[in-house]
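In this document, chain identifiers A, B and C correspond to the written order of the chains, with residue numbering beginning at 1 in each.
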């Protein structure tokens, strides 16, 4: 069993590989001035990058957890989500409301992928 | 490595198999007029169906995440939970409060099972 | 495939092993009179104990989910977190705000480890 950790900060690793699975951290947007769609677009782009670092990609995501700071942001977030998935290789998903580390953050997404 | 996705909607798959594990989406009740116990009963029945689709069952659940819209719904939800588990083959579990996609939804449950 | 469940209560198992992974329940502090740092210290000590029961340890954690009842508790919780990790072998992590089972509980942590 080997664990590979990518881009550790002081607190967490951005993505970790072990035993045929890849776990991303909860990803938030860099530019928190954007709306929920724009933040989700940024987040999903970053998730693409993290999955690639770990040797997998969005077609192999098996589970996603999405936190939105107001459940009414769900529709805008879903526009970015649906553009990202293209309606294919869809993971299991839960989308719930939660406050995040900074009030300007509207969306946070963590995924588990197979590889 | 093979990923099997069951019952994809436009947004997510209801249950996904990969590498010896099965991941359900967050499941909510069809009949949101029921109380937290009734909604949890419906959800756990649906989870039985999804686990069967993916070739496993409730005796192999390893982890469950339960969101309730008011933490005071926990006791009613637990009545349905305890009836479902029968006190056997209990997974790890976290139960936290969160608003869900529709204010009438009182409970959402996602599980990970082995197979 | 074998599943090992450790320390089942009436509702959940404290830690479960399957297919090379270990899943803890959401762990809360025994002494809820402590602040967020003290509660997180207790929780992480208990997680050490649970991981050992399941044949692994904190150097093999791949993913952590942390719920705090007020996102402003995050800094105090992180002090305990950083002392626990020592800045090494960092998992993916998401930290979000959620109400927990008892209003005196300030922090809840669940982890997934490889073994």
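Keep in mind that, in the parts below, contacts are C-beta pairs under 8 Å (C-beta built on N, C-alpha and C of every residue); 3 or more make two chains touch, one makes a residue touch a chain.
No experiment lies behind these values; they were computed from the predicted model shown.
Peer 1: Between subunit A and subunit C, how many degrees of rotation does a Cα superposition need? Round to steps of 5.
Peer 2: Value: 120 degrees, nearest 5.
Peer 1: Would the interface of subunit A with subunit B count as same or different, where same needs over half of all numbers used to appear in both copies?
Peer 2: different
Peer 1: How many Å are there between the centre of subunit A and the centre of subunit B, using C-alpha atoms for each centre?
Peer 2: It comes to 21 Å between the two C-alpha centres.
Peer 1: Could you tell me which residues belong to subunit B and also touch two or more other chains?
Peer 2: 19, 21, 98, 112
Peer 1: Under the touch definition given earlier, write down the residues of subunit A that touch subunit B in their complex.
Peer 2: Residue list for subunit A touching subunit B: 19-21, 60, 62-64, 71, 74, 78, 81-82, 85, 87, 89-98, 112, 114-115.
Peer 1: Quick check on the complex: what are the subunit C residues that touch subunit B?
Peer 2: By the definition above, subunit C touches subunit B via 1, 3, 5, 8-16, 18-19, 21, 23-26, 65, 67, 98-101, 108, 110, 112.
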